[in-house]
């Protein structure tokens, strides 16, 4: 389950600000137009790998000159195709191929200064779009119908997302760069704000990293969408797995009509850009419970089981009626060698077997309600 | 639309910690007791100008001696009159004259150390008050009925708001100063918490700046008040305008009974005191979507269209049912020369013409509900 | 009311990183197994005193060697007994003795690196547990039924909470330590998430301090639990008292099914780990109103009446319908000599006498509703 492959090493060297050469990238293969490379352990590395230039001829390294902003000169451009697809049960998903659409969609990653050119193929009979948070885009890539930026049923359309590094401004202060744990989502299905697209699954995580940021071994995306998690209720919510000590990146996103608080048992993080502290004078509070309301997103990294050991740990919404009706799931921290720790299977069985059975039933009923947009 | 006038220059010099003299202030004129100076581009400069001593004889420069707190010795005192006025449609507003009351009320500004003496004239037949967040006040300026601090119908009463700089305390830590993006509001109409006054419009922004803070070219106040923005629903919500590159200060305030998330398209800011980063080790997350719940306030500055270009950009509550029923508006970024960018008028027309027509109708009905305090 | 006793002095010396010797601790007495020492002014010092080794033979100073993590070697272990007790009115509380259970339960404190071994005695006929936020625990101390970690009716069970200091990781970043304003609560009564235990009062504050943190003179715990404060509504909510200039630590915790915003009149704090600023470049916003949603907790210290003077100041939820129905209370800042400031008693009388009478009635009815978990 570790990520010690050629692309991972290359990303890490790059993350440390070292020069990349082609040797670092040997072994990378084309990911353009879908077709997830099997050797990539993390789905989201796809976009990052593109950024590194490992995805072949389709990747355009930026050719801007030094007279343009520094961040543009340093960034590269990655072109990907995303398919919006109807899924069973009146759901919709984004995928890097028409056959691999998921809820949530693929994690997209870039470094500050990079550009992501997305060809969105709408394979459905609905109006829809893709709207990002955090990055830079012109009005024609807004994804908002009022800017005439959407895909009609069956239409293919290009969206361009750019990013930039922090820049100095007056008073020794800096305009922020694009780095953040962001997200993307439909902004056009059902209403001009994409309410139907969101409730039905058209959302995913978007990460913009600052050079030098720490890269994770694994990533988990958790979307609190009305009264569900990733459009599921317990016990069908995702069970995320890692081995003791693996560096896990959590990507938390909120959508819908309800307020939520994300709680993770036995792990804690700094409530700031990275989840780490910059040092003893970093004033960030440390939290294990954080508001996750519609349109919010945050991310953080933890070492699986750090200071607490392996086991089945719960993550859930801390609003009591929400957790009771199924907004809960399991973070399974295995032993360092990948074996199951004592008691973990029993905990999983309890979670699956009876504790959340009534909840799942109640929550499924609730979802009918939530699905009306009320 | 730029702010390059005599008061603006004076404020900027002062902001940089330079000495002011009367030459800097030539051209300023009296603003005491209302009467907004025409040459001031930003309404809120009124209070700040008073702080600078440009408003004539009524301004009392603090005469405290060195035996008193340092911040008091450095601050100045500004006296203004605010009128609480009944407006059409069973609304109420604060104004610097009886004829210019607005919803929200005028932006009030001061520097840490300054004092604002407010004579509140209650021209209505309701009990009401003015209660500030963030600044210092005695119980008789609390604005809370339980402290017997309110205006009876027709009554005039003085409220004094003071402020202070940060001061050292134990352990190399500092007690915070007053600087912040605060707000003021009624605390006495309808209930002891001002519930009727708030729902009907008695609120506004209050800024306390730290010396050296960057001054904006323009300011926009956005109040999420129950299910409305500034007591309006789309398409009647305010359209804020700036030219490409202008430094725009957003003042966001929450009121009422609902939770909200403020989202601004294509712009992002650091989630901290100023919206800027202090440098590479500033741990603040960068956001474009932030909780804006009752009693909350925050502010930030952006360069209009920075990294994205001009156009019609949406700001809205990201709670889906809230945006769908009219909690949305337009931030129009014009070209640098003030002309309209391509497509912007069409976007505005779409927004005004049909997309939010049903929303406005639905939201107006909702407001009847919200007005009951439920 | 000040805290200038032997334990307070010892804690302060320790807080400054100085060496403790037995002379510092002379006068401390046994607190093991309940029995709050009378000379301790703050209930929460009980645990802290244990940490210091003043509570006699039951305290086990950690005997780990240098080959183990540094924080373990520096920390100490404190053993306490907590009783979960049925209270009148279908309420439940935690107490350090069976006769002193309160809502909220006792404040528990430790320094980063310390361990708290809690023997939880369940004197009730209900399944219940104790689940902490922020600290480190194995699955058998999780307090979650799915990990088989709970007390059956009448059962006694041990829970172990550990903590750690920040540690360096890659990229000049640090994994956060355990320091924070945390809380603990039932996770097993009524539902697998402890919904019945929470609504009925099984919660309390937990503080993990970093060495060098400033110690307060007084502590107030405020729990926004559904539509009540500490399971009370105005005018029966707690009146917190301090003398002008005393260093007061507020511990704010959210529980239940509703969102809230905590507002404190006339005082403000930095929205970060401590409530203080680290210096002029600390980017933390300063606030006087902060979201307090289920599972959230935060804390901060203020000097009572700082910059505003003595008087009766209100704290309340800023959601209008919540404050109007009784989520409000009084922070009474007495004169420095402990006498009542002018007007304070009248304000208290107004608060108690009539303003919140209807509110209390309405809120009591609301609580029946809230108690159903809706």
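As written, the chain order gives the labels A, B and C, with residue 1 at the start of each chain.
To be clear about the criterion, a residue touches a chain if its C-beta (ideal position, glycine included) is under 8 Å from a C-beta of that chain, and two chains touch if they have at least 3 such contacts.
Keep in mind it's a predicted model, so treat the numbers as computed, not measured.
Colleague: Under the over-half criterion for shared residue numbers, do copies chain A and chain B use the same patch or different patches to meet?
Modeller: Under half of the interface numbering overlaps between copies: different.
Colleague: Upon optimal superposition of chain A on chain C over Cα atoms, what rotation angle is obtained, reported to the nearest 5 degrees?
Modeller: 120
Colleague: In whole angstrom, how far does the Cα centroid of chain A sit from the Cα centroid of chain B?
Modeller: Roughly 35 Å, centre to centre.
Colleague: Residues of chain C touching 2+ other chains?
Modeller: Answer for chain C, listing residues that touch two or more other chains: 259, 270, 274, 277-279, 282-284, 291.
Colleague: If we count contacts the way the header does, which residues on chain B are in touch with chain A in the complex?
Modeller: Those residues of chain B that touch chain A are 15-16, 212-214, 259, 261, 263, 265-266, 268-270, 274-291, 303, 306-309, 311-314, 316, 318-321, 323-324, 328, 341, 343-344, 346-347, 350-351, 355-356.
Colleague: Could you list, by residue number, the parts of chain C that touch chain A in their complex?
Modeller: Against chain A, the touching part of chain C is residues 133-134, 136-140, 142, 144-148, 162, 164, 166, 169-181, 191-193, 195, 198-199, 254-257, 259, 270, 272-274, 277-279, 282-284, 291, 293-298, 373-374.
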